[in-house]
Amino acid sequence: MSILNYLWIIPALPLLGSAVNGLFGSKWPNKIVNVVAVGSTGLSFLAALEAVREFTHLAPENIPWVKQYFTWIIAGDFRAGFDLQIDHLTVVMLLVVTGVGWLIHIYSTGYMAHEGGYYRFFSYLNLFMFFMLILVLAANYVLLFVGWEGVGLSSYLLIGFYFLRKSASDAGKKAFIVNRIGDFGFMLGMFLLFRTFGTLDFVPLFAKATPMPADAMGHLGMFTVACLLLFMGACGKSAQLPLYVWLPDAMEGPTPVSALIHAATMVTAGVYVVARSHILFTHAPTAMFVVAVVGCATAFFAATIGLVQTDIKRVLAYSTVSQLGYMFLACGVGAFSAGIFHLMTHAFFKALLFLAAGSVIHAIGGEQDMMRMGGLSKKIRWTYVTMLTATLAIAGFPPLAGFFSKDAILLSAYQSEHGGRILYAFGLLTALLTSFYMFRLIFLTFHGKPRYDEKKVHVHESPKSMLVPLMILAVLSIIGGWMAAPAFFGSPDYFAKFLEPVFAQTAGGAEAAEAAAQALEIPLAIVAVVSALLGFAVAFWLYLKQPGKPAQLAKSMSGVYNTLLHKYYVDEIYNAIIVNPLLWVSTSVLWQAVDVRAIDATVNGIAEGATDIGDGVRHTQSGNTRSYAVWVVIGALVIIAIIFWPYFRPATVGMVR
Amino acid sequence: MVPTHYYLILSAILFGLGVVAFMFRRNIITIFMSIELMLNAVNLAFVAFSRALNKLDGQVFVLFVIVVAAAEAAVGLGIIIVIARNRQSLNVERVDLLKL
Amino acid sequence: MIDFLIQQVAQHAEILITLVKIAILLFVVLTVNAYLTWFERKLIAHIQSRWGPHRVGPHGLLQPLADGAKFLLKEDPTPAGVDKFVYYLAPLLALALALTSIAVIPFGPDPLHFKGHDIYLGIVDLNIGILALFAITALGVYGLALAGWSSNNKYSLFGGLRSSAQMISYELALTMSVVGVLLMAGKFSLRDIIDAQANSHGLFNWGGIFHWNIFAGPFPQILGFLCFFIAAIAETNRAPFDLPEAEQELVGGFHTEYASFKFAMFFIAEYTSMITVSCLCSILFFGGWLSPFPASWTFTTYLPSLLLIPFGLWVIWDGMRYETIFGKLILPAVGVVVTALGAAFLLFPNVNAFVQGPFWLLSKICVFLFVYVWMRGTLPRFRYDQLMSFGWKLLLPASLANVVLTAAALLWRGN
Amino acid sequence: MNAPLIIFFVLAAMCVLGAISLILQRHPIHSALSLIVVMVALAGLYLLMGAEFVAAVQIIVYGGAIMVLFVFVIMLLNAGVEERTNLSKLAGFAGIPLGVALMGFLAAAVARSQDMVQVATQTGTAAPTKALANLLFQDFVYPFELTSFLILIAILGAIVLAQRENA
């Protein structure tokens, strides 16, 4: 049996695990829950590997490989089936999701060991895996949307995992609502697509779309609108401006969740969708430009906020946002493969960062404020080493993963026609900032003298179950980028080559671009590295040489500092211009006026009317059989009169003889 | 040979009398009997038609009606016994718990 | 004038004949009833080692006449507060239905030829004979029930309740137990049922008795017969099922309040239905007028004479040495008549041939009547709950089983 | 005016009179008796129409079982003359006219639609019971079996209803 015919197994396994844990887990000891959760995800990882192995042996003509399992919705000429699709893009996502997901599951068994609702956590986590796999395997927008909403749901559940903490549940709600805004756009986009192409299955849709003429730049054609709408959804899911606000708060969830959902996989769904529908986007240069700008802006914006945050996880959150911005930048400038590449590498090192941060928090007993850490490098060496690796990777030091991916993005940004230089400049600046705040994090956390109460807090290295994933991820974030390494030595970028079947149409003569790139590759790389080093240097100077300096700086330019510290007051602004008016409208207008005065009044009115009518009519209900009989007879008379009407007309002859 | 519609008219009359009895009588048993009367009227119509159309189905239906009537009598009389036992009266006008 | 009458008669001969037949049958049945009471009393007396009636006439033979006179002449009080209409209706109903049921019974195979008319023994021969019979017996309940209810007496009421419940319960078993026979005959008409037995092939074709339904293949109706007979006894409210009129408990039950001739009506009705049941038993299960011997045994045709002549001679001899003068006169006379009858059969072969059927039928009927009385003489009465549980839990299932088995056997034999 | 017609009118008269007396009799027993008369007369009509089996069943089941049950219950409950309450004005006033109206409607409908039935009116051939049986046990066998279930259920229901709680 070829597993390609049974693709549904891959998502089904986590679903099964989720169901089993969710239903029976409460009675079971953690061990069994572990076995179920980790086992199911592990199995699905193996299944994914096998699927990929068989996929590589497929003949090019049956790629993308689509299996139709059953028709889910059918209405008129609209058909949404439970169809799973696997192509090169899917393969990458599949491996990232299952692999990283599995590692994080293992990590969680250690991290969550002492938490309540253990089974609940893993049930949710498996559920997330299921929906994420549906999302990446879906062969049409509808099923993809199912996964899309599903991951949203599980993310909501997991953010609010400590639902006793108000902040947590609020964060959950915030995430959910903000995502809804995006989903609104996404659905509109789907509708528009269906209206235009009459189908939502990827293969036929793109086949129809390819020959159509692209919209002109700056002109709102169908493609542009559809893409912008889809991108709106992507913004919601992938926390881009202006919908990024939920992601930092999402850090209320347990750290593995932040790692898996809010760094590695779910938040990249937006990127995935954009890449998946790249054909539409290439038909809409305007949309592409918007994507690029938004991505770039987000990257820079989030990075600046990340500079001053003191909560270790928030720093990582903002860095996630900015990295996602990078990916969108890549997609926006048409380098989808680069974007996906960065997605993958980012999945590795950002997951690693979060997990390591989790390990740190775990080590010093739940403290998240970097200002109360420091000098931990001796005590928790392995965590330190792995986290340092990840930092180097994200800061873009060669030859780690981040370097290659980020470099690819910057290169394509530089090459892109519309305002490429500016995008490049901001990207570079962001890279600098990135390396700065990452090293700031490292220094504040691991170096300098301890700023926590050493008598109270007893620092201890995390258990194996947490460290092993860290190491694996560390290795991955080192070697993860080497697939693209050959680009420097003139030979083609394997990753791009691998994804070429998908992005072939869009790569617009990738070879030519490659050739043009050869010249720029090296210098740009050097520039990037320099900027990274610069960031490192600044951080080193500020946080190791003169630890007092940052405070003075903060005082000296308190305006900027506070603005950054309060994240540009975005939440406040949103509250002021959206949330509060909305609340006011809903309470005083919708509730007081519409609901109470109009709707309730109508409903009650109807009810009272019914009562009054009943009062009138009930007198027929004398409870006396004989009167009932009379009513029956009257009815019978009427019916007979109607049926036999023709025979009662005097016209008809023939009397009783 | 008796024309079919004689039988039909007779059955109509019997049915009507049954209805009258149903509305006119107060004794619950008598009312029940009037129901039986109506059933019989219908049976007559059935047989008449079965003869008119030279099909036996009508008679089969009569048999079914009789069976149903028997079952109905069993249950109905059981109910009547219970009513009589609980309310010490067979007058339907005294059994009007359903009134407003 | 005379010829006009003759012409009228000639025109409506059929009706006339029927009327005459009815008259004769009525007379016969009533007489048989009367002497059945005498027979019963005598027999029970002897069972209980008493003499029984022997004052009125020789061997009390005139007792029935005396009783009849008594019934007619006694005062007939109507109790206070009875529902007059129903009170009078009930005995009429009982008697009428009982007598009607006899009308369906055929008493002989071949018709009497009289002035070009074929006169069959038996009043009507319905093609749904048995069904009609059941219909009539079904209505028979009302006589008792209404009598019990109308006579405004709690014992009578109990009697009525009991009889209606009992009759409904046993009617099922009665009807069911006959189905076997009907399946084998494939007809409702009693005549046809007897004919079917005449040429049915029995378990082994020796002839005669083995062709009767009770022994005939494919499935001998022994079970059916037992069910039928027991149910029939219950239907006729005879001992041991005579609860409606249980003297010891209900002082006569439904007819407590009835005196003189109305009481006599119930009485006659009861005995008439006994006769009917005996007829049915012998017709349905014992081959009606068929001889128990194979047709080859021609000498059996002389059996009637061989029975009658010695009996007549014995009566004469017995009369000779009877105490009273009256007896000395009347008994030999009767004996002579009987002997003469037997002799006549010997002398006129065609008469003999004609008599065979009725003879066998009557003799079978007599046997069953004897069994009736015998049971009454020997068996104690059921208790009411025993009656019900017996009827519902034993008799009905048994008769149903009989139906199923018979049907299966017929299917197996394949017709 | 041939014989069947005479018989018909006699029996019809019995039916109607019986039904009327069912209405007019004030004692349930008398009503029951009237109803029995109606049923017997109907059986006669069935015979007239050549449906002997139905006639027999009509008497055996209706006359011999159902009505006996009624009489039995009347005797059991010792139901007296019905009391003259008139709590339902509606029925009191509207009852008779409505019933008559219904009767008239039906009769008129049948009478005027006689052409509908008369076309089919042939000499009613006597219904051979065998044919009836074939019909009942072949074409209508499932309904037939269902009725047996119905009966069973009815028996259970009757028992449950009639037995006293403490018993």
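Labels for the chains are A, B, C and D, by order of writing; each one numbers its residues from 1.
Heads up, the rule we're going with is that a contact is a pair of C-beta atoms (placed from the backbone, for glycine too) under 8 Å apart; a residue touches a chain by one contact, two chains touch by 3 or more.
Everything numeric in this text was worked out from a predicted model, so none of it was measured.
The minimum number of touch steps linking subunit B to subunit C comes to 2. Where touching is counted per the definition, subunit C and subunit D have no chain in common.
Chain B has the Cα centre that lies closest to the mean of all protein Cα atoms in view. Inter-chain centre distance (subunit A to subunit D, centres taken as mean C-alpha positions): 77 Å. Taking the mean of the C-alpha atoms as each chain's centre, subunit A and subunit B sit 73 Å apart. Rounded to whole angstrom, the centroid-to-centroid distance between subunit A and subunit C, based on C-alpha atoms, equals 99 Å. Here the CA centre of subunit B is 6 Å from the CA centre of subunit D.
The set of subunit B residues that touch two or more partner chains comprises 3, 5, 9, 19, 23-24, 26, 93, 96.
Counting partner chains per residue, subunit D has residues 53, 65, 69, 74, 76, 87-88, 91, 94-95, 98-99, 102, 106-107, 109, 111, 114 touching two or more of them. Looking at subunit A, one finds that residues 622, 624, 626, 629-630, 633, 656 touch two or more other chains. Here the chains touching each other pair up as A-B, A-D, B-D, C-D. Listing the residues of subunit B that touch subunit A in their complex gives 3, 5, 9, 19, 22-24, 26, 28, 31, 92-93, 95-100. Residues of subunit D touching subunit B in their complex: 2, 4-5, 8, 12, 15-16, 19-20, 22-23, 28, 31-32, 35, 38-39, 42, 45-46, 48-51, 53-54, 57-58, 61-62, 65-66, 69-70, 73-74, 76-77, 79, 82-88, 91, 94-96, 98-100, 102-104, 106-107, 109-111, 114, 117-118, 120-125, 127, 131-132, 135-136, 140, 143, 147, 150-151, 153-155, 157-162, 164.
In the complex of the two chains, the subunit A residues touching subunit B come out as 618-619, 621-626, 629-630, 633, 656-657.
Residue ranges on subunit B touching subunit D, taken from their complex, read 1-10, 12-21, 23-27, 29-30, 32-34, 36-37, 40, 43-44, 47-54, 56-57, 59-60, 62-64, 66-75, 77-82, 84-85, 90-91, 93-94, 96. Subunit D makes touch with subunit A in their complex at residues 87-88, 90-91, 94-95, 98-99, 101-102, 105-109, 111-115.
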